[in-house]
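Should a chain be cited, it is by its letter among A, B and C, assigned in written order, with residues numbered from 1 in that chain.
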């Protein structure tokens, strides 16, 4: 099983504060990994380092064996590394239809075209229709995003990620802001992701983590302290200490 | 050497006038995040009031200055209350349109009330003529402008670093919501700093009338200069604004002396170059 | 889930062919308005032609400000570049064929768009605004100093365009110029309708609403904006060239800050982010200006200022945008 995505000895410090200390991680096709950790563990910094929004002090990021450490965020997306946002980032005046079509066109390198319209591109329309249907957004296809419910906006975030056909998908708290009763919608959506896609999900909702992930990685104070099966994670002494003793230990990394 | 000295003095005087006028803009932009294109209009209003008081009513210079500052603040209060408050936190384009609308109105009204001609503010005898420094003589009003600039800079430094108002102001600039929850009445801080900004603009407009002559298009002519000061210095930074003013004063004055034909051309070229290199301002904070 | 269910909501998408009909309607409206203008104001054709030229400037501004969200006070640089290029081509290089002059104007406008786009997009917020003002002043000063070609502050005169297609000479009453202008306007309008509906148009609207999301999709925000600036420059350049051809002079005022600011006022008055808004805003503003400055030129600036404040306070979507909202509410309440 070869790795599609590797992070090698990533380090980042702000001033004298080591926010990411020597983090290594490897993912294979089809992986479903949850990245968890107490507040201030450096999860968001890790995502920003991986997606190229922050420059690490040292370490490498590899995609399919290719070193993408020098790539800017855009090129990383083109290489197949796509992220979603913790707080929804969508175009409030545009419809789900336009969002997904734009993502498809962008993936195919057609988003710079000065003429034509996606309505007249049967292939794009078909793919867009099937993505929106899969996520139960079909009936909202032509409603401006600013007018649809937040939970459905979260689904659209996932739809956009699907439309970009990534090799590796980083989901930054996909269920954040969604009422607990509606989490199953997100969960169903995640279940629709292609089987060979490698997914790394950052999440606080442990129910969701346990149902979704085949592997759990725990980050605390900038270090990976656990990497193993969901079943083993709650029994791990260091994890218990990181969470339950977090007031004593993690405050220095907050 | 003589030329060099003249350029130096002129640049310093010009830079200080720029500083007095723009520093208020910098503070309010840092605090309220309003792109206020009408700031120059307040300096112009100050100039007109002083000119009217000193020339037409024959009042003493010092009195004219006080009248200009107070008068401009009085004019600005309703503008802040009814127009500016609507655009705090609005998109930039909205702020630009509103404040450019105010600028146009002020220009139109100034043109109507005072006519299109230049208005002078007669200087008192003490500020006319040269002052002998022993090795050189310089025009007294330039020395006065430089002195005023230094006093304003020191006064602001004292106000912001050493008084409780300064503490509240700095807290509000850093994080308005946090300051408000700590009991700082940000609305009053806003209003007070707006008044301070307008008052300083009017003061600078009067002091600098010899260098930036008062006429209806004043507000438009120097708009970019004042904005550049804030942009180059970084919004909310007093040292940044001071450096920016002295730098721009030097560039502009040198250009006028050495290549008068292309003075403005090089000034704008320099502006583009500086903003290009420091898009967030010399001492601006990354957002 | 059956296949019919999947396709059902997208059956509704069929009426999306309608945009073409709406474009046709738009062209017809422009055509009817043009004919009406021709017969109603036969003595004011020069003014109407100038309005058309400024419409092209405002449409061009709409592309970067309304669609992409770039606030600029220096857009007349693109218009002036087109005007001077067409004028210099005619006076210095003897290229007096009107369509060639327009093409030269478009190219010069596109180059000016590239230059000012690269400069202006370097900054954000205040810095962007300052750069845009510096750019227009720089262009203005450059044209002022290059008086050998531009005539400096006296303006560039002696532009004598040939008859259009070798058949229709530019007459004293401005009839040919007017029809020429209408032709250009309709052509540009149709092209821009296609542009704003295209994938690139959608991408640009996305950039205005959330540039970070656009870059997370793997698209370059800056490259897209510069591309739009070049297109916008070509449109403004056509407007400038039309002005040079129709008035046969080019003045420094075409490269002025005031011209830039007024274009922005017209756009916002009509409604940014809509081509119709740009057209409506220009007509209303310029007609108003014509009437008011004829009555009392002294108050013109005051009125523009007051108008701007009123639009910001009471009709932030502009005349066209507000009208559309009211129409929708009206239709909604009747259902």
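Methods note: a contact is a pair of C-beta atoms (placed from the backbone, for glycine too) under 8 Å apart; a residue touches a chain by one contact, two chains touch by 3 or more.
Quantities reported herein were computed from a predicted structural model and do not represent experimental measurements.
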Field: Any chain in contact with chain A as well as chain B
entry: C
Message: Going by average Cα coordinates, which chain is farthest removed from chain C?
response: A
Query: Quick one: most central chain, C-alpha centroids?
result: C
Query: Where the CA atoms of chain A average out and where those of chain B average out, how many Å apart are those spots?
result: 48
Field: Distance between chain centroids, defined by C-alpha means - chain B, chain C (Å)
entry: 34
- request: Report the inter-chain centroid distance for chain A and chain C in whole angstrom, where each centroid is the mean of the CA atoms.
  value: 41
Field: Residue list for chain B, restricted to those that touch at least two other chains
entry: none
Query: Where on chain B does chain C make contact in their complex?
result: 29, 35, 83, 86-87, 92-94, 96-98, 100-109, 111-112, 220, 223-224, 227-228, 230-231, 235, 261-262, 264-265, 268-269, 271-272, 275-276, 279-281
Field: For the chain C and chain B complex, residues of the former touching the latter
entry: 65, 69, 71, 73, 119, 122-127, 129-131, 133-135, 137-138, 141-142, 145, 257-258, 261, 264-265, 268, 272, 298-309, 311-313, 316
- request: Over in the complex, which chain C residues touch chain A? Could you list them?
  value: 1, 5-10, 12-13, 16-17, 19, 194-195, 197-200, 202-203, 205-206, 209-210, 212-213, 215-220, 224, 227, 231
List of chain A residues in touch with chain C within their complex: 73-75, 77-78, 82-83, 85, 89-94, 97-98, 101-103, 105-107, 110-119, 125, 129-130, 133, 138-139, 141-142, 160, 164
